[in-house]
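There are two complexes below, and they share chain A, which is joined by chain B in the first and by chain C in the second.
What follows is the complex of A and B.
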């Protein structure tokens, strides 16, 4: 189930890489801001879970667009490394700004998804992770529809494949880049809230933990491949769960990194990725 | 002749290097004009400058005459009625043939009219009907060229820029492609064609510009140019 939420984060990474060929290192922190936005909506505005989810997605989308304009676009001319470093900087700034405002200790998220345990045969799930799974599936479904069935989605795919040709066909690729950032960040905002809801906490440095795992999933799936990100995230979630079940929870990240190394050695472009030349 | 495109003293630079050094040309309504030249002469650069892919360093591009379009981005140029069939085809390999064609009509909002254009395109290139759901990248070179031309036509342009449609194709396929270009020109569409294959290009051209290192060396009707010994030797491979 955690895999489906990781998928939301990983798809955010991969969507931006696919269109802009940029690795947005601040994406996990955008997710973290989504979690805190949801928290604020619930605690301060007394909104329910779905209002919090919407709020988290909107704030994250706006933040993503701001990052695109302030950190990515101005550094794009220097090749892919500029945005990578710039977004890394944004990531540190966001962590510290939130830590300054909310403190660096975890802040308890109210039981926005319920703390009840649900029994399904031999399996026991928390209501939070089940709702998280359903919301993640719905959002992934909407994203799939958007990317594969709408004109705007087709423009994103065309831009991802060849931005010059897409421009010559009438796509305003500048707008497409902004839209990709907004969509990717909105999904990240939702993921942040769902992860916070599952753990019961939000904290300024939460992005470091799941950001790494989502990055592993993105690379295993193949940077730029949306189906790859989904499949790899589900696989990574499954590995984590199995590691926990067999008492190897302490080693789960070591296991994940081993899988990553094996995949990179055997398929350097990831499971579904293709080789691209970076400037 | 009523011009629809007028280029005057066009200059394009790559860094400090001048690629196009003051080219002037025009295309009349319903005409096929050809820019002939060897590799590196600047043929593609001219098309890219018209399309807004490259910035101009000087001169003017007017479409129609009196309306300067230099400096506009490609997504606005296509909406003015100029479509490009790019060098090496530029098909979107990971999208289906159908999606490539739909992308060709991306700038259009009139669905019924677009549908009519699609059926006209399918009439001209029936092979694409059966390949609709296939990934464009899996098509052969000739089929990809047909797709690239069809995709350009989907925008219903009034000026079609074609960049070396014969590049990398077998002679028999090249002849077929040029047959199609002739068919397209007979519908009244203005075409500015860039080519190295003089033999085929001269057959369909109304007017030819010979470009050498960014400068128009000579121009004229195909009949006139065929009298030129240098043209015959350099571009048609004929011995004296």
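What follows is the complex of A and C.
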């Protein structure tokens, strides 16, 4: 359940890494801004859930493009550390700006579609996590179509493969970077709202809670590999839920991260990845 | 107020000690996000030594360092095959595992953390240790080991070709970094009189990497010291507002990366233009 929403965040990471070879540390905070946008649409404008989702995606996409121009492009020349630290700086800024505006305490997200539980055979879902799953699947389908069946998606794939040659063949790589940032952030904004929906809260530092796990699933899945990111996030969500179910809740992180280390050591390129070399 | 600033300065010195380890790691191109974990392991070890076993402070601190070195050597054996991002993430995972396990050990205080440790760290102790380590690093820069580390980081294949055991160099850098972090942890727990398992996690480890890079500590250990000093004290200097100071902190980070991506103390190579020249003289004829 949670895995499908992690997948949306992880896909955002992987898209940007695939095209720009940049680890966007501010991505979880973009998701958080998406959650707050959705919250504002629902509470202040009395919009319904899908309007909120759309609003979250649009605001997040704009934010992503701004981050791209202000923090990522100017620092790209300074080696791998530049964008890493610059986006880290952006994430600190976003966290504290939102905390300044909305306060640092969790703000309750009004129940998106009721808090009732849905029974399906032996499984029990909350309505919020079910709607999260459905929206995640739909968005993932759209993304797959976009990347593999459209011309713009082809440009993204070509740029990810080799930006110089892509440019030679007439791909405007600058635009492609912006587009991949926008798409990744839009997915992130939706994911933020969905995660807020499952938690029942949105708070300024919520990115810390899921960002780490999403980033790690991205790497486990093989950096730059979209299906890898999806499978890995689902696996991570499953491990988390299982640990909780067997009463090992307090050891949840230890179990999860030990499994991750084992996977990384045995398959250093990730589950679906090719070996990624820097520089 | 005065005591407060003394403590902040001490914390800066302790962070500088840990950042010296980051310098060694980045020399050998290992991006490790586990320094805070080794620091925590050293802190817990030293804390148990003085509070539970009643051993003298110096012994406890040394034991903390050795504990850091031992655990880091174990981790190094596991992750030595990995490179760049995968390496970084594995060390990150290790930090989270350690932090979570410590959370579940009631003997070490569990989630509340390990407290009521005597404050053996005098105001000058961190500076003394930092000075000793600095002397060591000055000496180190003239040793064969320094060149072996440098060569390993620059071009591993070429280093192997001239007979450097690069696996050993990476291992040594990792273990020394663990030792230094353990010492720093021992100092910190006796300064703050306690530690929480949360502080071993990813964000603190990442903080040390930021310190080192912003100072220019990838190739210059003075950079690691300066970076840790400035960035530890900066939020305190900006204390006039609570959220705004972190916004400013983030802004400074972004601006730094744009104008000085390799850190403050970064030696400009011969023939390489400074950012000023790059920005304003771009149109000038070659």
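Heads up, the rule we're going with is that the second predicted complex is superposed on the first by the 279 of 279 C-alpha atoms of A that agree within 3 Å, B and C clash if a C-alpha of one lies under 4 Å from a C-alpha of the other, contacts with A are read in each partner's own complex, and residues count from 1 in each chain.
Quick note on the criterion: contacts are C-beta pairs under 8 Å (C-beta built on N, C-alpha and C of every residue); 3 or more make two chains touch, one makes a residue touch a chain.
From a predicted model like this one, the values you see are computed outputs, not experimental measurements.
With both structures placed on the common chain, the touch criterion links A:82 to chain C but leaves chain B unconnected. Legend: residue contacts after superposition of the two complexes on their common chain; A:236 is shown touching neither chain B nor chain C.
Judged by the touch definition given at the top, the superposed model places A:154 against chain B, while chain C stays out of reach. For chain A, the partner with contacts to more residues, out of chain B and chain C, is C. By the touch criterion defined above, A:57 lies against neither chain B nor chain C after alignment on the C-alpha atoms of chain A. Residue contacts after overlaying the shared chain place A:170 against chain B, while chain C stays out of touching range. In the superposition on chain A, no contact is made by A:16 with either chain B or chain C.
By the document's definition of touching, of the two partners only chain C reaches A:257; chain B does not. In the superposed pair of complexes, A:162 makes contact with chain B only, with no contact to chain C. Within the complex, the chain B residues that touch chain A are 51, 53, 73-75, 78-79, 84, 86, 90, 92-95, 99, 102-104, 106-107, 151, 155.
Residues 23, 70-71, 74-75, 77-79, 81-83, 85-86, 88-93, 95-97, 99-100, 208, 212, 215-216, 219, 223, 250-254, 257-258, 260-261, 264-265, 268-270, 276-278 of chain A touch chain C in their complex. Contact residues of chain A toward chain B in the complex are 151, 154-155, 157-158, 161-162, 164-173. By the touch rule above, chain C contacts chain A in their complex via residues 78-79, 81-86, 89-90, 92-94, 96-97, 99-101, 103-104, 202-203, 206, 210, 213-214, 218, 243-244, 246-247, 249-254, 256-258, 261-262.
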